[in-house]
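What follows is subunit A paired twice: with subunit B in the first complex and subunit C in the second.
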Partner chain A sequence: MALSEWVRESRKYILGTIILVLVLAFIPFIIGFDQYLLLILSTAAIFAVFVVAWNIIGGYAGQLDLGAFAYIALGGIVAAQLLVVYNITPWIGMFVGAGVSAVLAAAIGYPTFRFGIKEVWYALLTAALVVILNNIFHLPEVLGSLDHYLPPANGWYYLKFPVYENIYWFILAMLAIVVFINLWVSKSKVGYYLRAIREDELAAEALGIDVRKYKLEALVLYAAILGFMGYVYIVIAGTYSYHTFDSPHSIAIAIMGIIGGLGSIAGALTSAITLKVVEEYLRASIGATIPGIHLLIYGLLLIIIGIFKPDGLAGIYESLKKRRTSGRKKISGGGNP
Partner chain B sequence: MMDPILVTNNVLDGLLMGLLYSLVALGLALIFGVMDIINFAHGDFVMIGAYTAWLLAMAFWVDPSVTAIITVPLFFIIGIGIYKLVIEPVLGAEPLIQIAVTVGLGYVFQNIALALWHAEPKSFPAPWLNFSISAGGITLSVAKLIAGGISIISLYLIHYMLTKTKFGLAVRATSANREVAPLMGINVKKVYAITFGIGTALTALGAALYMSWGQTNPYLGQSFSLLSWVIVAMGGLGGVIGVLYSGLIVGVLEALGSTFITPSARLAVVYLAFFLLLWFRPRGLFARR
Partner chain C sequence: MTRKFRKALSKAATVSIIVIIIIAVAAGIAYYYYQSAAPAPTATTTTSTISSPSPTQTTTSTAATKPKISVIKIGLIEPLTGSHAVFGQEAKEAAELAVDVINNELGGIKSLGGAKLQLIVQDSGESPDNARLAAEKLISQYHPNIVIGAYISRLTAAVAEVTERSHTILFMDGLVDDLTQHGWKYVFRAAPKASAHGKSAVDFIIDMAKKKGIKVKTAIVLNEDSVFGTYVGNGATLELVKNGIKVLDHITYPYDISDVSSIINKIKSEKPDVVISVPYFHDAVLIAKAIKSQGIHLMFIAGAGGCGYTDPDSIKAAGDAVLYYTQTYSFNPFRPTKWDQKLVSMFKEKYGKIPTEAGGIILYTMFTIYAGLEKAGQMYPNDPLNPDNLRNVFLSLDLTDNNSIAGQLYPTGHIKFLPNGDNEYAGTAILQVQRINGTLQPVLVWPEPQPGVQPVFPRPDWTPSG
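And now, the complex of A and B:
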């Protein structure tokens, strides 16, 4: 699709995204650059990037990927090691990390889709992938049991700062880009193919859609975005080790995607940002007395949404909109193309 | 070069663990095979079962394996309750929805455990059965031998139930065709509820046996869930025998990974085998069809 055509077709959503990101970017001024709040916002924003990227494989292609941190950690650790060992700037390292993650995704995805592995088996395979990489990076020849640290130096060369606002703005810029990639995918031929595959794979194949190819493209794109953002995740986390290959967080990303509503960018954004902020708030307020309370709420939400509203927040929004069609038009970030 | 006696010892140990894995995975195989429910919370039932066994063992000061007398019937009832509340509404739903709901259930279990007992591992401090016997250089844990023995007996009992009883016939009929089964006078909903109850009860039995030597934490279920699914994938729908063989293979693979690489890489070996299995034998090693 030509660029101008894409811009014309998704003008409303592009504008919505830009407004949303600008509003989010303005928050540090309101909260007076409170570093603790900025850390929470940065965490929420980077998870929003992950969930919006997950939307490509999980929402459009309908493959329940539980392996997000396989790609995030791999890409991030590659970029971090390039910086630590060879002093190569993450501006190069992040692209290398994205490339390595994409190659891994292609190597895993090709046989997986070739042999028609889907649904529960795809979910299990991706969950197992995180554990395998975790175990491999735990070997003494790779990272061993120790925590590793980025160099103490700060600055744009290291994409690492003594304050959080710079990294927060960088993540917001990336968030806008990843939302645009989603919009592009959703409006392009590939997006329609992917949704056809999600609805009925056999029918899609019968219509001549190369199911394997488009699933693989979705997986590689998702993995590349995650691999690229891995370094930023490590900057926020402060350290990296085999623990960065984190199964519970990988599942959490899929959960946020499902709660948001499959295939909905606005839903993915809303659920990631809301759940992460609520999570941090609960952790800070009652987390000391009841550890894990936020995850308990995730679990309950997931059960309730699964049973009563399988199309997630986006579905709730749609039914609200239907109920008041004559009401005034609401501006929503990203929209629901 | 590895000491052959050590390798034999570890493989035997792996076989005993494999028996326990088969017992736990059989519950999942029943739930998946009969009801077509994708249960991602199966391992978390093991975790809750392990805490229950630990609590009872501490209260009555008996070996945790003994508490199975209470936990198995208790979990049968809990299983039916969970089935009615959470599973029945998503029967026949898309796989993704079932996964989401059961992942949610697992999260709830994990975080209830975290809230109640915190992250520190819990174990029974008086190791009644946790001693070893040696013969010819081979040393095996008595607790694991007992667990393996009880697992085999339980597997046989389930096999007997499925193949020789009227209820087993109803289960197999439902599994074969859930549209036609009710026409033959089978109460499918009841079969489902009882099957889920049995599957859950098996996790409690496995958990009680495991607590004789093991320790539990809120995340114990994650590896049990994945291992059980690997066993189900390997066993195909080959019945109890398939699950038994697959459990033994997983136990041995884990032991070999632990021996020849390092203990922390043992799961990677099993999961790599799982990748190859799904790619090259997607119907499992022991599929009937």
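And now, the complex of A and C:
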């Protein structure tokens, strides 16, 4: 799709995204640069980037991908190692990281889609990918057992600061870009193909859609975005090691994507930000009094949303509207894979 | 279905994002201000921003030269959930006990007018991003004077970055060596670092061999491959090499190993005099049982690294197989000093078990802080809680059995901090599994055996064939 055409068609959303990001970017001034709140916002925003990226493969293409941190950690570690070993700025390293993650995704995705691995098997495969990479990076020849540290220096060259506002604004800028990529995918031919694949892969194939090609494209795009943002995640985590290939975090991203509503950018954004904030609120307020209770409540919340809103948060608005216009007819959209 | 979805997307887009996020953020801000406003002490104390290193405490007068301090806030960040929760929980229990003793039995910090310690606990979870959130929460909301945490090295590193920026003293209970090698200024670690555990295990063997007139020539080092195990294993290897003992093999394995036969075969074929083993928990049981069942008779098998062969659970699981195995500990629950015995029995009474590694480190760390705060009141009566003053105070401490509770709790009985924050006199205690009155028990054998106990070295089933 031509750029001008895309801009014309999605003008409303582009404008909305810009306003949203500007509003979010203004928050540090309201909260007086409180570092704790800024860190929550940064963490929530970076997870929002991950979830919106996940939306491409999980939402549009309908592939339940549980391997987010395979790409995040790989891209991040590549950028971090380039910085630590060769003193190459992450501004270059992040692109290299994105490239490496994309190549991995292509290498994994090609045979996966070629041999028709899908649904629960695809989920298992991607979940296993995180564990496999975790083990590979644990080898003494790769990262070994040790914790690796970024250089102590701060500044834009390192994209690393003692305070969070700069990194927060950087993440917001990335968030806007990733939302635009999503909008572009959503409005383009690829987006329609992907959604067709999600709804019924056989039918899509029968219509002449090159299912393998478009699924692979979605996967590579998703992996590249995650690989690019990996370094930023490492900056927030402080250290990197084989532990960065984190299975629970990977599953959390898929859960946020599903809760948000498959294929909905607004839903993905909302669910990532609210779930991350709620999680941290529960951890900080009651996590130390009754250890573990916050995880229990968080899990219960997810179950409740899962039972009452299988369409995710995006479905809430839709069902409200439905109720207003055509009585209490229950809708069954969403297309959970 | 797809069309419905697109419709939902289009209508929901701008409105729902903005409304929900703004509500969420507003709620967060409201909560934050509500929280920080509620415990605000008197009108003189303002909620300072983090960039200002001045400690906030309850003050009642502004003009007085000597501020009256009634509460000193100690933050504790530990993994209370996830796979390391067992350590974090014990650390929390020990901290609560120590604060209780300091506040009630010792009457608070006397040099600060009997100021009480207030413990604020945060859960770091399992991942460094959560640990950092916990640290930011603690620092920005409670402004603790001193923070303790966070047992696991990568969590401790995440916490340290936050405490360094806000110039808050951090007492680390993570043992991995490199935590004190990053040039962090406000960090201290009383506990012996990981490599010191490996070194102690070797020193014990060399000491015993010398006393018995035996020559140790060869060794195999085994360690589970976590960052901690690696440092302990390397510490042991270095000390072996330094003492002219040939290291035949250095084997690493994942802590959740289920089949140890390849390790056992190597030990069997290479026939070392001694094995230095750095286990986690169940691998210790597997290795000990396999060595027994294979009928391997070595001069000695020494554990290192604070857990494994001599824990009550391991003895229960492995039985006879761990007889005469030793293990290095950062805390000595059998040290025959008044306060060590007193606190261990109090801990046992309160929680039904003796404090092990995680709890023991917190006990002497807490009493090191207690000693430091007492001294701060004398050295800097006008600004005792200023982090730079506190740092000077801790660097000037020289705690021994005679002058402090912390000294009595520490395995070597001596705590004196080096400029990088490590304890110059760091050392471990060594416990050995022995049969006392028919039951297998861990007993203290090194550096000073407990009364009525002698270390068993070499293993009785060893025959010096050559």
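Basically, the second predicted complex is superposed on the first by the 307 of 337 C-alpha atoms of A that agree within 3 Å, B and C clash if a C-alpha of one lies under 4 Å from a C-alpha of the other, contacts with A are read in each partner's own complex, and residues count from 1 in each chain.
Heads up, the rule we're going with is that a contact is a pair of C-beta atoms (placed from the backbone, for glycine too) under 8 Å apart; a residue touches a chain by one contact, two chains touch by 3 or more.
Bear in mind that the values here come from a model prediction, so they are computed numbers and not experimental data.
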First, second, both or neither for A:A123, with subunit B first and subunit C second: first
More subunit A residues in contact - subunit B or subunit C: C
Which of subunit B and subunit C A:I307 touches, first, second, both or neither: first
Which of subunit B and subunit C A:F115 touches, first, second, both or neither: first
Which of subunit B and subunit C A:I27 touches, first, second, both or neither: second
Partner chain(s) touched by A:H138 [first = subunit B, second = subunit C, both, neither]: both
Partner chain in contact with A:T43 - subunit B first, subunit C second, else both or neither: second
Contacts of A:L295 with subunit B and subunit C, given as first, second, both or neither: both
Contacts of A:T239 with subunit B and subunit C, given as first, second, both or neither: second
Overlap of the subunit B and subunit C footprints on subunit A, listed as residue numbers: 138, 140, 248, 262, 291-292, 295
Subunit B residues touching subunit A - in the complex, by the definition given at the top: 38, 40, 86, 89-90, 93-101, 103-112, 114-115, 118-119, 218-219, 222, 226, 229-230, 233, 261-262, 264-268, 271-272, 274-275, 278-280, 282
Complex contacts: residues of subunit C adjacent to subunit A: 1-2, 4-18, 20-22, 24-25, 28-29, 31-32, 49-50, 80-81, 85, 88-89, 92, 121-123, 125-130, 132-134, 136-137, 139-141, 153-154, 157-158, 161, 165, 176, 178, 182-183, 225-227, 229-230, 252
For the subunit A and subunit B complex, residues of the former touching the latter: 62, 64, 108, 111-112, 115-117, 119-121, 123-125, 127-129, 131-132, 134-136, 138-140, 247-248, 251, 254-255, 258, 262, 290-293, 295-296, 298-303, 305-307, 310
Interface residues, subunit A side, partner subunit C - complex: 12-13, 15-16, 19-20, 23-24, 27, 30-37, 39-41, 43, 138, 140, 144-147, 149, 152, 162-163, 186, 195-196, 199, 233, 236-239, 241, 243, 246, 248-249, 261-267, 269-270, 273-274, 277, 280-281, 283-284, 287-288, 291-292, 294-295, 311, 313-315, 317-318, 321, 331-335
